Every structure is written in structure tokens, then in C-alpha cells.
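Please see the structure below; I have some questions.
Each chain gets a letter, A, B, C and D, in the order it is written, and its residues are counted from 1.
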Amino acid sequence: MSGAPGYRVRAFNFETRGPGDVSGLTGLLERGEVRAEDVVCVLGKTEGNGGRNDFTRDLAMGALERLIGSRLGVPPESVQDRVVFSFSGGTEGVVTPHMIVFVREGALAKDAAARRAEKRLSVAVGATREFEPGEIGRMPQIEETARAVRALVEELGVDDARDVHLIQMKGAIPPFTHAEAEAAARAGTPLRCDMAYSRGASALGVALALGEVQPEALSDEVVLSDYRHYSAIASCSAKPGLRRTELLAFANSAYAEGELQIGHGVLTDLLDVAGIHAVARGLGLKLGAPPDPAEVNRIVGVFAKSEADARGTVRGRRHTMLSDDDISDTRYSRCVLSSVLAATLGDTRVYVSTRAEHHGPQGGGPLAMIVRAR
Amino acid sequence: MSGAPGYRVRAFNFETRGPGDVSGLTGLLERGEVRAEDVVCVLGKTEGNGGRNDFTRDLAMGALERLIGSRLGVPPESVQDRVVFSFSGGTEGVVTPHMIVFVREGALAKDAAARRAEKRLSVAVGATREFEPGEIGRMPQIEETARAVRALVEELGVDDARDVHLIQMKGAIPPFTHAEAEAAARAGTPLRCDMAYSRGASALGVALALGEVQPEALSDEVVLSDYRHYSAIASCSAKPGLRRTELLAFANSAYAEGELQIGHGVLTDLLDVAGIHAVARGLGLKLGAPPDPAEVNRIVGVFAKSEADARGTVRGRRHTMLSDDDISDTRYSRCVLSSVLAATLGDTRVYVSTRAEHHGPQGGGPLAMIVRAR
Amino acid sequence: MSGAPGYRVRAFNFETRGPGDVSGLTGLLERGEVRAEDVVCVLGKTEGNGGRNDFTRDLAMGALERLIGSRLGVPPESVQDRVVFSFSGGTEGVVTPHMIVFVREGALAKDAAARRAEKRLSVAVGATREFEPGEIGRMPQIEETARAVRALVEELGVDDARDVHLIQMKGAIPPFTHAEAEAAARAGTPLRCDMAYSRGASALGVALALGEVQPEALSDEVVLSDYRHYSAIASCSAKPGLRRTELLAFANSAYAEGELQIGHGVLTDLLDVAGIHAVARGLGLKLGAPPDPAEVNRIVGVFAKSEADARGTVRGRRHTMLSDDDISDTRYSRCVLSSVLAATLGDTRVYVSTRAEHHGPQGGGPLAMIVRAR
Amino acid sequence: MSGAPGYRVRAFNFETRGPGDVSGLTGLLERGEVRAEDVVCVLGKTEGNGGRNDFTRDLAMGALERLIGSRLGVPPESVQDRVVFSFSGGTEGVVTPHMIVFVREGALAKDAAARRAEKRLSVAVGATREFEPGEIGRMPQIEETARAVRALVEELGVDDARDVHLIQMKGAIPPFTHAEAEAAARAGTPLRCDMAYSRGASALGVALALGEVQPEALSDEVVLSDYRHYSAIASCSAKPGLRRTELLAFANSAYAEGELQIGHGVLTDLLDVAGIHAVARGLGLKLGAPPDPAEVNRIVGVFAKSEADARGTVRGRRHTMLSDDDISDTRYSRCVLSSVLAATLGDTRVYVSTRAEHHGPQGGGPLAMIVRAR
């Protein structure tokens, strides 16, 4: 390795006192520990309901835009052109509102001299082209998402697709007119331009790019229908009005320095403690009951998707999450999985977002973890 | 052991299809597997909100009253004079609505000939005397509850208090007039005749009876104030209008036959997996990830109390259960602890009720489990 | 009029102390004021959420079944073969939980001798034939519903359709298999066998029968699409699993005695005070601010349908009922319309149920009132 | 009147597209119709839950601070030293989220030459001294609030107290330690330093200042106990951590120009349409059903307080707002009163906040309206 500073990703996990609390990052910047130019993305959980009237994400993102904008000397509204924010509302139960700031320093060079024995966390950011409404939820969205993922993989400095562990996405839902919708229905291909289809096709695009699903298994019919096909690496939230899908890719690279590593696995249901153990084991994290504080301190980020099993049962027994008209199943499924993760890992700063079409098997979902290497 | 049928307690755990579903017990009675005369108590979780407008408990109890009443040839409204019902609303998250029917057969005789090498589950039912409103939440309630517990312990056939593992109670809240309340306030001893005080004093009464707390540590001032004093065996819900506290006691007795055993422990917080393991270990239950189905099948009942830690933190990190005005902290805390129990034990039929004043340490609570002995 | 007792309908509106409170009807029956044989239907509002996990309706109907069954000497489960129950959950805001018992005495004979100068309330009960899943939400359901309405109109003793003021329905949603659904989709006529379509087609069936809509205006395409077509008389709730639509028809008849009259109108939106006034005026009810107690006492029943306007506005200004993920728009729209009705009429015992597809114009709905004639 | 510009208050009512939407005021400022220096207060309703986890108010106030701060060239965090913001969360039902910007221009001079035949809206802003925790909810808070109100009345240019129609307050709740609370309890005067007491004593202070209650009727015992004593002019929300009560006073003054007038009255309960009519009539506003658009357009602001009657009834009949554990009574009572106001006035931009201790009679509350004079 040369004397020049290498490529590395650092991450800082801040507990927040409220949705607009950016004091953690403010401190880092003021103390000169991090340069605003190097902030690549911020993921966080805020204490809203995670639904349409959840304004806590706006508070968090507005505060970050003003902070980072003022440090960079650019208008707040241009900050999201440089830095990707992925905030998820809903800290049900024991979840601690928090944000994780990722900082990328140096440039990744895939030359033999820079190759290290140990792989370390690498991050890349990108987007698909703009979609037409008729493409959403069908093969064109799947294929373009796969293309965009493959392009990102090139930047990550990985040996192969198995080094990629998390593709976080904001899925496109381009605007359309009533007339376009009617024309599409008359043509026999009704629009699928909604959140569920965009999430599902985005996940299948990741699965296609990373070899989790074979091309011949995919078709328009499979989307939101044949849940045997899924990704264990994708994590997508869809956003009405968005024309392109934004992507954030995390991998381990032999050309990266730093102290972070990422791993992932799939949870078969909301209670899959064995699945959590498997991911931890893959990262050399020793879980115990009670958890060892030294090991808990190695955890930097925990990212999962939850879903109340649509069949109405968990482990063969009835659950009532889908027949409750007072509290949404999204809040219940996040609460359940967050509780199980927090109890098993010993950390209440877990990022669980909900709705997991083609993200893991039905009733289950993907889990990714970033830890400090030993 | 003589040829006469011995004393034994059997328990049947039925998943319900709805709050008024008593088909499980109906089948038992119709097939002659159980006699209505032997049903001693039914505990269950129903899919309501657990609050004032939760009518699911009424549906369950009404259906049981009609079923048992018709088998006994007595009016439905007299059934609760013989059989104790303890239903708790709120099956948040993965919890399966269920009811556990306890059947007591034969008479317990504490004679040496009947003594067995292995202790088995024993049940007793009783009540305190009627309380005055001014006694609730103060030493008279604590001491009378302790007296009633000691009387029950005599009936359980135990060797000592350490064999008692669960005292389930409906705490008294006798009615009072506005004038009585004002007179008490003027006299310098304002009434404490509410749910929190009745639960707290009931738990301290159990603690006193079973030696968990020393008499000299108790006073009126301790109630709802000094949470270092608590029971790990009590489980109380208070009921406005009730003049006497009803008690249900579960223990292991060397004079009982059957295949059931009970154990208990204390959970230090909502995420205390180690505490769950300890109770399981005490009962010889082997927990794994994933759980071993043969071991899961040994579980007959899981009873716990939950509480959102009033200090606003769990394991040193902020939680938002107490500042959410859309969803009650009672629903969150039940969801969290139920999820952790279900994931750790592999069974979604868990009975978690909430509010745990002097039931275990602040933020924690008692856990009792009944299993089939090996 | 002959000396023989004539045909009359009486109605009793009881405030309830809880969902299972049938003390009002119990008293009527015990005092001999009403014969159980004459009870034709009971409509009521219970204090649940009106959704899938609202068990308050079950409590009310179970209590009525047991009460009426014991008086008739028939099993409780057979009571609904004779008496129609229509309970709606959700007493948001100021609404008083209540039930209205309708009693029909004597036989209606449409002979000239029995004709009276003043028309009085008449009630008839009926049902459609059983539906196939593929018929729901399409012309077959509309036409069969219209046929059943016309048959009922014959029984009501009316001069013409303008005397009919309320058709209360439980709309059919026959069960179907996944295979049937797929076959229908492949055949180009995907099933519409859901609550919204069943409610919409039921309302259009009423509109067709009563001349509110012309036959040539109707087609499969109109249902849930062209909201210019609607009934101001229909009120339908759909019930999964029901194969036939049950109907309850209320009219004014010159061959009926008694003291009750019914009227109806359409409310253009949730705030349509003028529409309420018009219905009251048609019944000779004098509304004032404050309401005159003597006039308020004339009110026996108030029945309306509410809907949060799908366009997101009321009177041209934004409302937030449809973007709130904490509280359902069904609860808001019921609360709004109930409040306006209660304030305008001076009575908090109003029966507002929600979801009003083709029931009045979009954002509005039908209003029927039963009053004691002067 | 001299040639110099007179004193006037203008008000602009903007419908908002979301909690952070300040485009209405932005336009006013950019077009030069209003100077930022003249903005005296902004009142608004935002689409949150109105509770502890309602962050919509923060979004609105943050956006206003940044807008006004940038126009004035001062830091955003100093804007609230000059401009009073009073935002209330909760736009239940048909309420349109909106904000009303009040602009005060010129200086009020109480000289005879400036006296006009018609009185017009006048506004003044002030605060109490800082309170000790032990003063809250007792006579010292009442008397200091009364003093502050009297001082404001001097500034309003009124002829007498009858010209004052609304005192909007943020009530003080100074911080205190556990030790202070315990010392106060031991001294026989337990702290009342909470929201209910601060609201109640603030309202009684207004009542004392404006002659609604006689001094001899007031004592520490009256607060939150004898609800016969109340103000029909006060409107207070209490804010934990606030050491001084902030006050906003609205009156009609013969020394004010402009086109606005204010009036007020008291509503006896949530359904008091006659009370709304009385306030409208006092302002010469003609209400009809349907409302006359020209008259509706005269309405500039509608301010009321709501409360679910603690006795559990409205107009002698049971309501269920206080026994619902799924939805708070605060949301119900706001929804009910807002619906009745919107239906009666024809305007969905109504500002109803909840909890009304000593604000009008039990179950009722004050109503103030600002209209454009004819």
C-alpha cells in the first residue's frame, strides 16, 4: 500500500433527542473529525408513524440539508443532489431514534498494490434512468434496476457479487394522468405504478443483477404474484412522484481500508433468531444472553425489512396484525422484528422498515449488519 | 401411593378463532376428557386493546359461562362463583389469541404415603376479605393480601414458599363516594383507591407472604415510590368495583401427580433474553435457535408482566413508548415482551399483561412458565 | 276503518349502557308492551371501531338472540332467521350508543276501507336470491337487487315509489376460491366480489327499482366509476361470506296506522345543514337553535351514510382525513356527520354508517329520518 | 384623523399544503404587501395529533422563523423574541390546515382626534414575570396573569374590558426538581406545576382581570375544582419548561383603523349552535343554511376551545369519548366542535384547541371570531 491515504468508509451512529436533532453530525463537523464533502449518505429512524402523515422524516432531512449546506456553502435544497438521505419513520417499542452518517474518504483504486488481505466496507451511490409509468412493476423496471445495480457493483471494488450485502433503494413511481391510466387499461396492460409494484420490481431487479434469481424465472406475471423469487440484499421504499430509482450499494472490498465490514442474510419470519445468529456469526460477532457489551459495541448498523405474514399465521399459529383496524400491521411488524433484533443483538438502534414484497420469502425479509472488524 | 386416584392438575391450551370461541373446551367436555366440575380456572389472551373499551374479554367470559353453566346445570351468571376467569386483552404483534383451561382432579392429601419424588403442578383459589377504600394502596391491603396468600399456600401442598411460582390476582378497588374521598383528604390520608395502587399493594402483599420482602421494609410510603421492593411471583390486574382481591396460586407439590411443572424468574427489562433462558433452564427446557419443536411442545403456559420503563430508556438508550399519543405504551410494551418471548421460546401463545408496579424491578417484571415434565 | 286492530309499526329507541345492554327491550317484553313475535328488526350503533376487529356488534346481537330466543322458545342461533339485526360500530364523538327496536303488528291490507288520510310508517323484510361471485359488482347484482326491492315495495302498501324512503341492506359477498378468481381474470372479467363493489351495485339496484336512475344509464362500467348515478334511499353494508343480500324497506303507507312517519333526502357533503333542514321540513319537524325539546322528542331514528370526499377537499378546501395513517377516514367521516346531525337536530342518537359508493353524490350521502307524526 | 397613517391590524388566512408550507406569507412579503417588521403573530392549525409527538408545529414554526428571520436579517432562533407563534396540532375531520398572519401597522394613539365611530381590531403582546413552580395553579399565578392582562388592556386602546374578546396564552410550567416537589408535598402544598393547573389558573387570571369573576370568589381551592368560575375570553395552552406565560390580546378599539372586528361568546357544550349564532349575530354576520358565500368570505378567524364533558354525557345522553383507549378524547372533542363550527359557519378553517379548564362552563368553552366589517 502506498503512502497516500487509502479509500475508506467510516460510519457514525447517533442517538437523536428528536427528529430534527443533528447535534451528532454538527459536533463531528465542528471538531474537524469529518469533512462535509465526504458525507455520502445518512440513514435513520425517526419517531413518526412511517405513513403518509409522518412529518418527522422532513424534520430530519431539513435539518441535515441546512447543516451540510451551510458547511459546503451551497443552498440547503441542493444538498440531496450530493448526499443520499434514507429516513424511515416508526420507532415502535424499544427502538431508539438514531441516524447513521456514512463518510467516504479517498478514492477506490482496484490495483493489485492496494489489495488487502481483509475486505472492508465500500459504498457507492447511483440511479436508474427515468421510468415511464407503464414500465413500473414490469420487466423494464426490473431490467433497468438490474443494470443500475451492476454499474454500482463495478464501483464498489468487489471480487464478485457475493461481496455485495445491501442495496438500499428509493423506488420510482413516476406521475401519470388519469387518461394514461385508462389508455393502459384499454390496451390490456393496466398500470402498476404504485408503491407495492415498485418495491417488488426493484427487489427483483437487485435479485437479477446479483444472481439471486435467474433471468428465465422472471416475467411480468411473477411480480407480486410468485413470492418464491426474491432478493436477500435489496431494501426498497417507493416514493410517489420519483421518476428514477435512487440506489445505495454496500459491499466488502479488498481495496478498502477502514474498520467496517458488512454481512447479510435472510430471516424466514419475524421470529427468526437463528437467522440473526447466522448473520452475526458471518461477521464474527459473538452473541450471548446477556449480550457481551464489547461485542455490542462493535455493531454500527442493523438494517432489516419486516412484513406481517399475509397468510395470517406465524409459525403455524394465528396472528391478528392484519385484522386490527386501530393499529396498522406496518407498526406491529416493525415492533416485533425490532424487538427480536434488539433483544438478540443487545442494541436498540435498529433500522427496520416495512413492506417486503420479493424481499426475502413471504413473512420474512433481508437482514444486513455493519460491524467494526475485530 | 394408594390405588385411589391422586390429585393432579391438567392444563389445555387452545388457540381461539375469535374472542367468543370456546370450541376447544366444548370438545373436551363433549368427548368426556374433562368434567365441567373440575374446571378450576381459565386464563386467556383476547384480541382487544386491553383498555376500557375492550369488550373481547366479555365475549370470552360470556361464552365460557354459558358453556360451563349448561354442563353444570347452573345459571351462567353463577359460574364465576366456582371458576376463576382471568382474561387479558391485547395480542399485539405475533401473539396468538388463546385460552388455557386448568382442570383440578382428586384431592390433595399431604400424607407421607402420597409423597412423590418429583413435584408437580398444584393450584389453589381464594380471596381476601372485603376492603375499605382507605385501605387500598396502604399497609392494610398489603397485610390482608399476604394473609390470603399464606392461606392459599397451605392448600397447595408445598414444602416451603420457594415452591410457589405464580400468584395471579384481580385486585380490589372498592367503590367510594366523593364525600369519602374528600374526608380522607382532609384527614391527611388521601385515598389511593385506584388501579396502580391496588396492583402495587397486591404485589407487595405477595412479596411479604412469600419472603421476597421483609416486613420492616414495608410501609405506606413505599407503595408506588420505592421500587426496589417487589415480587417476582405476583401478577395483578385491578378491577374497579371489586371489593375483595381474588387470588389464584400455582406451585409445585410433592403430593401432586400429573405431568405439569411450574417455574418462575424475574426479567430485568423487556429485552432480558438471559432471564427467559434462566426460567427455561430451571424447568429443564432446552432452548435453541431455531427452537426444537419437541421442546416447544412441552410448553403449556407462559405468563409475564410488561412495562415501558418510566425512565424513558431501555439499556441506557431512549425509547419513545411514553411520548407517543397515537398508540398506548401498554400496547407497545406487551408487543415488545411478547415478541421476545415468542422468538426465544418458539411459541406465540404467550400471556403478557401490562402495568407492573412492584412486579419485578422498574422496567422489568416477573415471568412464570408451566411445562410438561420430561 | 274496521274494529279489528290495524297494521302499525312501532319503534323504541334505547340508549345502551354497553354493547351487550338489552335492558330496554327486556323491559318492554317483561311489561307486555311488546310481543317478541312482533319484533321485526333492530338497528343500532355500538361503541366499537366499525372495522374488522369490532366485536361490539357480536355482543349486541348475541344478547338480542338470547333474549328474543328465550321469549320465543327457539334456539338463539335461529333468531336471525326471523328478526333482522343491523348493527353498525363506531360512536365517534358525541354519538350515544343506542338501539332502535321496530315492532310490526297486524297485517297490512291494501283495501279501500283501510285507507287513511295520513300515511304512516310501514316496514318489509326480504332478500335476493343467492349470487355467484362473478355477479357481484355487475349488472346481475344490480338487477336482482332491483327485483327484490320491487317485491318488497309491493308489500309496503305504498301508492308509488316516492313513498319509499329507506332500503337498508346487508350486501352479499359470496365466497370464492383462488381458482375461480384466476379463471375470471383470464376470461377478461376479473371478480369484483368485494365490499366496495357489493355496496355500490346494491345502491344502484335500489336506484334502478325506485326510478332514481334509468336502466339505460347502467352498465358494468358505471359501478364504482361514474358517481353521477346514485340512490338517495339505499344504505348498504356488505358482509363477506353472505350469499344473498338482505333487505329492510321503510315507507309511508296510507294503509298503516301508528304514529310514525319517515322521510329522506340527500346530503351533498358532510356539512350540508341545509340538506338536514330539508328532510326535517318534509316531516314537519321544526329545527331551531337551540332545538325545541318538544320537537327533538318527536325524533325516533336518524339514518345516514358518510364518506370522506375522495377528492381530498370539502367545500373547496383541503381536508386531511385520507392522509392520516393513525386514524381511519371512516372514523373521521362518521364523527363529522354525526356531530353536524346531532347539533342540528338536538339528538345524539344518530345512526351514521360509512362508505357510500353510489349512495348520494361523491362526498355526500343519503339521510332518512323517522319521527312521531304531530 | 390626521394625514399620517393610522393604527391598523390586518390578518391573512392561508390554507397550507403541509405543515411547513409558508408560501402564503412568502408571497405577501415578496410582493411587498406586508413588511416583515409588522408581523406581530401567527396562529395556525397543523395536521398533527396535537400531542407530545406532534412535530408538525415545529415544522411550521421553523419555516416561519427562517422566512421572517431572512427578511429581517436576524437569526431564525431570535424571531420568536419578536413574533408570537401559536400553533395547535390536530385538524380532525373536515378542518383545513391553515395559518393566520396578523400584521400591525402604525402606532395606536388614544387621542380624541384619532377616535372613530366604528371600533376596529387591535392587538397587543406581552408576558407575565417568571413564575416559581409553587405558584402555578394557585393564587400567585392567577394574580400575576391578571396583572399582565390589565397591562395589555392598556395598550389595546379600548374603552373598557368589554371590548376585549380573546386572550390567547402559552401558560408557564417552570421546571422543578424532584427534591422541590417532595419539599412542597411535605409542607402541605403539593406542587400543581402541570398543564391542567397552568391552563386553569391562566384562565382564571383572565377572568379576574376582565371582571368575569370577582376577586372574593377566587382561592387556591377553586382551581380545577369549582368550575362555575371561568373566562369566556381566555384561551390557554400550557408548555412544559416555560417560565413566563406569554399573552396575545385581541380587542376592538375606537382608535384602530382597518377592516377587522372581533367578537366572542361562550358555548355551553360541543353542540351549541345557538351560541355560535349569537357570536355571529354580534358581528353582523348572517348565517344561513346553506351559508351565503359573501358572508362566509367575511370570516377571517374562528377560535374555540373544546372539551369532552367529564361527566360522560352531552345533553343528558352518554358519550364514549372518555372510555375509548384507541383514540384520545382530545381528538374527538376537536373533531366534534370543528365540524359543528364548519357546518354552521360554512368555513373549514377553524382553530379549535382542546382542554378547557375554567374556559367556559364544564363541557363547553369560549368562541371568538374575527370578521371583516361590512
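Note that contacts are C-beta pairs under 8 Å (C-beta built on N, C-alpha and C of every residue); 3 or more make two chains touch, one makes a residue touch a chain.
Being a predicted model, the structure only gives us computed values, none of them experimental.
Participant: Suppose you list every residue number at the subunit B-subunit D interface; are over half of them used by both chains (same) or under half (different)?
Facilitator: same
Participant: Return the chain whose centre of C-alpha atoms lies at maximal distance from the corresponding centre of subunit C.
Facilitator: A
Participant: With respect to inter-chain C-beta contacts, which pair, A-B or A-D, contains the greater number?
Facilitator: Taking the two pairs in turn, the one with more contacts turns out to be A-B.
Participant: Roughly how far is subunit A from subunit D, going centre to centre by Cα mean, in whole Å?
Facilitator: 44
Participant: If you average the CA atoms of subunit B and of subunit D, how many Å lie between those two points?
Facilitator: 49
Participant: Would you kindly tell me how far, in whole Å, the mean C-alpha position of subunit B lies from that of subunit A?
Facilitator: 42
Participant: What residues in subunit B touch two or more of the other chains?
Facilitator: 47, 49, 53, 320, 323-324, 326
Participant: Quick one: which bits of subunit C touch subunit B in the complex? Just the residue numbers, please.
Facilitator: The contact residues of subunit C facing subunit B are 18-20, 47-48, 53, 55-56, 58-59, 62, 326.
Participant: Subunit C touches which residues of subunit D in the complex?
Facilitator: Against subunit C, the touching part of subunit D is residues 15, 17, 47, 49, 91-97, 270-274, 276-277, 289-290, 314-315, 317-321, 323-324, 326-327, 331-333, 335-337, 339-340, 342-344, 346, 348-349.
Participant: Which of the residues in subunit C come into contact with subunit A in the complex?
Facilitator: On the subunit C side, the touching residues are 49-54, 320, 323-326, 328.
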